[in-house]
Amino acid sequence: MRMPERTLVQAVRDALYEEMERDEHVCVLGQDVGLKGGVFKATEGLQQRFGVDRVMDMPLAESSIAAVAQGLALEGFIPVAEMQFADYSYPAFNQIVNEIAKVRYRSNGDFSCPLVIRAPTGGGVRGALYHSQSPEAFYCHVPGLKVVLPSTPADAKGLLKAAIRDRDPVIFLEPKKLYRAERQDVPPGDAALLPLGSAAIVREGKDLTAVTYGYMRAVTVQAAARLSPDGIEVEVIDLRTLRPWDIETCVRSIQKTGRVAVVYEANRTGGFGAEVAAELAERCFASLDAPVSRIASPDVPAMPFSAALEHAFMLNPDKVAAGLRQVARY
Amino acid sequence: MLEAYRTVLQARALDDRRFVLNRAGKLAFIISPRGHEVAQVAAIAALQPGRDRFCLYYRNFAAALACGFTPEELMLAAFARAADPSSGGRQTPGNFGSRRRGVVIGSSTVGPQIPKAAGIGLALKWKGEGALCYVSFGEGATSQGDFHEGLNFAGIHRCPVIFFCENNHWAISVPQALQVAGPGVAERAAGYGMPGVRVRGDDFFAVRAAVAEAAQRARSGGGPTLIEAEVLRLQSHSTDDDQRAYRDPAELAAEALKDPIPRMREALISRGWLSPQADQAIRDDVNREVEKATEAAEAAPEPEPNSLGRHVYADA
Amino acid sequence: MLEAYRTVLQARALDDRRFVLNRAGKLAFIISPRGHEVAQVAAIAALQPGRDRFCLYYRNFAAALACGFTPEELMLAAFARAADPSSGGRQTPGNFGSRRRGVVIGSSTVGPQIPKAAGIGLALKWKGEGALCYVSFGEGATSQGDFHEGLNFAGIHRCPVIFFCENNHWAISVPQALQVAGPGVAERAAGYGMPGVRVRGDDFFAVRAAVAEAAQRARSGGGPTLIEAEVLRLQSHSTDDDQRAYRDPAELAAEALKDPIPRMREALISRGWLSPQADQAIRDDVNREVEKATEAAEAAPEPEPNSLGRHVYADA
Amino acid sequence: MRMPERTLVQAVRDALYEEMERDEHVCVLGQDVGLKGGVFKATEGLQQRFGVDRVMDMPLAESSIAAVAQGLALEGFIPVAEMQFADYSYPAFNQIVNEIAKVRYRSNGDFSCPLVIRAPTGGGVRGALYHSQSPEAFYCHVPGLKVVLPSTPADAKGLLKAAIRDRDPVIFLEPKKLYRAERQDVPPGDAALLPLGSAAIVREGKDLTAVTYGYMRAVTVQAAARLSPDGIEVEVIDLRTLRPWDIETCVRSIQKTGRVAVVYEANRTGGFGAEVAAELAERCFASLDAPVSRIASPDVPAMPFSAALEHAFMLNPDKVAAGLRQVARY
C-alpha cells in the first residue's frame, strides 16, 4: 500500500483527526482552531467533522486555554490545546508550571492531568521577535511535564498520537519552519505511533556526534554533508523528545565517535542544549577527545523581522558546519 | 440543619485545637477559617457533595468538613502525615483534594482554580448529568487575571459554575479599597452577563438560599452565578501573620464581637430547632471527636522519605 | 479637521500601497487598519501628541500617523529598514514606538500594554502635569487577564488613562460571541467604577467627543475611562489571513459598503468644510507623498547584520 | 567605626532604604509591602518613611505588578517590585519575558526599562510546593534580563543597590532560608556597593572547585569542611550574579584544581547549573581530571510540606560532601 505523502503540518492534523476518531474524549481547543482551521492549518476541517464542542474556538486568553484544558482533563476528557505561537504560551505559564505539571504530585497520585499543549515554535519564517522564539528550555525544567519537539512528518504524527495517549501532560512544540518544508511518507493509523523518549540516529558517522532536534536536524544533516568530502563523518542524532530525553543513544554514539556537539536553535545561555551538553560531558568524560561543544543561537531576544538580521541570527548549514569542523579538528 | 451547625462547631473546635498545637510547636503552619465557617458550611449545604465538583481554596477548612472530610483526615493534613488524603503530607494543610468526593486538588497559588473551574464546568455541561462546579476564593483573588478569564469563559459557554467569593475585605494586609476597584465583587458579574449576588456571610439561611438558587440555575442550563459573601476574618491571615501590625485596634475589637457562630446558634434556638442542652451535647461530642482526631493523627506515621519521587509521572 | 481627514486618506493610500507591495513580494507582512482609520484618527485628534503617552497596538497604522509618524517612516518599517524609527526593522511593522513622540514601544503580544498603560498613568499622575496615557486594543484583547488587571489597577488609583477598544467584532476568526461574555466591552467599565462609553467608530465627531470627554476627566483627576468604538474590519486580519474562509459572504459584502471614509467625506462636505475639488487636491497630494515615501523607503539601507547584538543590554 | 550587624533581610531593607533616600525616583511596590512591611519584613518601615505612593500595596495580581513597574520605569521612575514568593512570579512571566526583557531590544535602544523584581526563593522553611521553588533557570535563559542571587547580608545589600542603579531590568532572588540565618557586618551606604557579574571565592582550596550560589553556598562550605580532614581542599565559588555570570573566576580556579562540581538547589534537569557545567566543561576541557559533576535537587516539583520529605528533597552538607568526594576521588 502506498503511504501518503504528507507535510509536517498535515501529519499533525492527521494525528489529531485519527485520535479524535479513536476516542471521543479527545478534543481540541485554541484560538482560531475552528472554521479557520488554525493559523497554520493544523486543525483544518476538524470542526466540520467533530463539531463546535470538540473543536472549540477559545477567547484570546492563554491562561484560560490552559486552565480549561486542565479542567477537561480532570473530568476525563483528553484535551489538545493549541497556543497559537509558543511565544504566546507565557500568559499560561502559571497554569502550566504551577498547576498542570504538579496535579499528580501534589495530590499524591489521586488526580492526574493528561493533556497536550501544542504550539508552533522557532524561527526562520520572518515572524520577528514574537513569532520566532524557542522556549523549550522553560518547559524542560519542569518536573511533571513531558516535552516533545519533532522534526519530520512521520515523527510528528507518531509522537503526537503517543502524546495524546500519554497519562501525563505533554508540551508538544512544532517547528513552524518545517510545517511545509518537506513531504514524507507517513504510516497510516496506529502504525505511525512512536514512543516518547526515544531519539533517532538520522545519519551515521564515526568521527563526531551531533545531537540536535527540531529544525536544526535538517540544518545539521546538511552541515554534516559538507564535512563528508573532507573525510569527517558526522553521526546526527535527533532527540525528538526533550523530556525525558534519550541519553543512552547519545552516550553510545559518543563512545564510538569520541566527540560531540549539541546544535540548538534557542538562545545559547540556559538553553536545553546546556542540559544535554552538561549531561553528556559528565557521562562520556572518559570517551571524549574534545570538549562538548554547543552550537546555538546568539543571546539576542529572538530573530528580528529584517531579513538581514534574521539571517544573521539563525544557524544555517554554513555556521553549523564551521562549528562541527572545530570539534572534529580539536 | 443541625448537621450543618455541628460542622460549623467542628471546624471551630478543630481550628482552636490546631492553634494550640501550633503554639506548642507541633504544627508548622495553619490558615484559620475563623469568621468564614458559617458561610462556607451554608454554601456546601445547598450543594450535593458526591455529585458536584468543589474547587476549594486554602481558607475552606469548614467547607472541606462539609464536603465530607473527617476531623481526623484534616488533622492528618495538619500534621503532614502519610495518610493525609489530600496530598499525603505534600502540601500545606488547606489544599484539599479527594477524587471520590469531587473535591478537586488545589494549590497554594491564589486564583488559578477559577478558570480551571470553568473548564470543569464545561466538562460537566458536556456530560449533561446536571452536576455543577463550585469554586471559592477570597476577594484578593478577584484581582488576578485568571478571575476575569474564568468568568468570561463560563459566561460565554454558560457553564454550570458557582463562583463563590468569600470577601473578608483583607488580602493579608491589603484592604479591599486597594484591591477591588469599583463598588464590589458582585457588581463585576453584570459585565459577563451573569447574575451577581451579595449576601451576608454570617446569615446561614441567606447564604444557603443564594447558593441554592445559583445551583438551580446551573443545573437547569442557566449558566454561572457570581456570589459575594461578606464575612469577617476573625484571625490573622495565617499563623505567620499578626494583623495587629496593620489593622485598626478598634475595628478588630468591634469585629471580634461579630462572630457568626453565636448568631447561627441564636437563629436555631429562636426557631426552636436547637435547645441549649442539645447545643451543649453537640459541643461535648465535637470536643471528644477533636481529641480523638488529634491523637490519631499525631500518632500516624510520616511519609516515607523514599516516596519523595513518586507520582511525578504516571509510571513512578 | 481637514488635517485629520488628510491623515485618514494618508493611512488608506499607504495601506493600499503596502498591499500592492505585499502581493509583489516586496513586503513580508502587513496588518491593515482598513475600516478603523476614522476612529483612530478621531481619537488621537482629541489628545495631545507630544504631551500625552500612547500605547498603540498593531492595527493602529492611522493612529500612528496621527501621532506624528510620517509616511516615509511607516514605509521604512514596512520594508524593515535600518532607519525605521520604531525598531530599526526589528519588529513587524505595526509595533510603533517613538520616545520623543510619547509613543511607547509595543510588542506583537495581545494585551500586555493594558496594565502597562495603567502604570504609565500612575507615573503621569505622580508627575502631576495633566498628561494622560491612551491605550488601544481590539475586543479580543479584552479576554486577557491583563485587561482586567489593568482596569482594576487604574480604577483603584484613578490613573489618567483612556482605555480605547476598537471592537471590530472579530479576533482573527473568532467572533465576539465566542470572545466577550455579556452585553459588550463598555459594560465592563461599571464593575471597575469607571465610565464606559460605546460609540460608533465611523462617526468622527462622536469618537472625538467621547475621547475629549475622557481626556478632560483624566486630566482633571477624574480617573480612567473605557471607550468601545464599534468598527468594521474591512480586510482580513493580516496578509497571512483570508477571512472569506470563515465569514459569511453576504455579511462581508454588506460591510464592504460601510467604509467609514466616504462617510467622513460626506460629513465634511455637507458641513461645507470640504469641496469636491479640495478633496481631489488632498488625494493627489497624498498619493504623491505615498509614492515618494515608498521610493525613499525602498532605497533605504537594511540594518547592518553586525548590529544584531546591539541593545540587548545598555552596554552593548 | 563599628559596622552594624545585619541579617540578610535587614540588609535588603537597608539597601531599599538607602536607595530611596538617595533618589526620589526609587519606589517599592508589591503585595503587603506597606504597613505590614512585607511577609518577610524586607520593606518594614519604608511606607512610614516614604509614604503610600513610593511604597505601594498592590492588588493580588502579579502580572499587573510587573506591568505597573514597567510603566513606571518607562516614565523614569526606578521601581523595585516584590513578588511575594518566586513561585508566584509565573503569572507575570509574560510581562517579564516578552515585555520587560525586550523593551530595549525591540525599540532598537530608543526605550529602556530599568527596574528590579525582588522575590524570595528556595526552600528549607517548610514552605511546601508553592513557597520553595528555585526558578532562576527560567530567568537566566532570557536575554535582556540580569539575574542576581546573593547569599550573605553584605552581598545582598551591595548587589541590590547595584541592581537598583543598573540600566537594565534585574531579577533579584533572595534565598528565604538565609533571611535570618546569620548576622554579618555590612558596610554602610555606598561602601556596600558591589558590581553585578562578579563571583566570590569564599573558601580557597587546591583540589577541587565547587561552584555554587544562594543557600547552597553555606551548605557547600560546610561540606567542604568535612573533606578537609581527608586532605581534600575544596575551593568554593559563590557566583552571586547568575546572568551575567563570572566565567573567568571559575575557569581560573579549575585551571588550578582540575576538578569541579556545580552545586545548586533547583531541580537538576535544565537548572542553571546545567549552563554552568556545560560552559565550564567546554572551557576547561584540557584542565579537567574528572568530569564536571552536578549536585542538585531531585527532579521532583518542589519540596513537600512534610518535614521528612522536605529533608529527603533538600541538599545538605552530608549529601554535598558525598558528591564532592566522588569528584575528588574520580
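By letter and in written order, the chains are A, B, C and D; residue numbering begins at 1 in each of them.
The rule is short, and it goes like this: a contact is a pair of C-beta atoms (placed from the backbone, for glycine too) under 8 Å apart; a residue touches a chain by one contact, two chains touch by 3 or more.
Note that this is a predicted model, so its numbers are computed, not measured.
The most distant chain from chain A is B, comparing centres defined as mean Cα coordinates. The mean-CA centres of chain A and chain D are about 31 angstrom from one another, to the nearest whole unit. Centroids built from CA atoms put chain C at 45 Å from chain B. If you average the CA atoms of chain C and of chain D, the two centres end up 41 Å from each other.
In chain D, the residues that touch at least two other chains are 58-59, 61, 63-64, 87, 91, 94, 98, 102, 105-106, 129-130, 143-144, 299-301.
Among all residues of chain B, those that touch two or more other chains are 87-88, 90-91, 107, 109, 143-146, 149, 152-153, 156, 178-180, 312.
Chain contact topology: the protein chains form a complete graph, every chain touching every other one.
On the chain D side of its complex with chain C, the touching residues are 53, 58-59, 61, 63-64, 67-72, 74-77, 91, 94-95, 98-99, 102-112, 143-144, 146, 166-168.
Residues of chain B that touch chain D in their complex: 28-29, 80-81, 87-93, 107-111, 140-141, 143-146, 171-174, 178-180, 240-241, 245-246, 302-309, 312. Against chain C, in their complex, chain A makes its touches with residues 31-32, 34-37, 39, 57-61, 63-64, 87-88, 91, 126, 128-131, 298-301, 304-309, 311-313. Partner chain A is touched in their complex by these residues of chain B: 53, 84-88, 90-91, 95, 97-99, 104-105, 107, 109, 112, 114-124, 126-127, 133, 145-146, 149-150, 152-153, 156, 310-315. Those residues of chain A whose C-beta lies close enough to touch chain D in the complex are 63, 87, 90-91, 93-94, 97-98, 101-102, 105-106, 129-130, 137-138, 140-144, 243, 266-267, 269-275, 277-279, 281-283, 285, 288, 290-294, 299-301.
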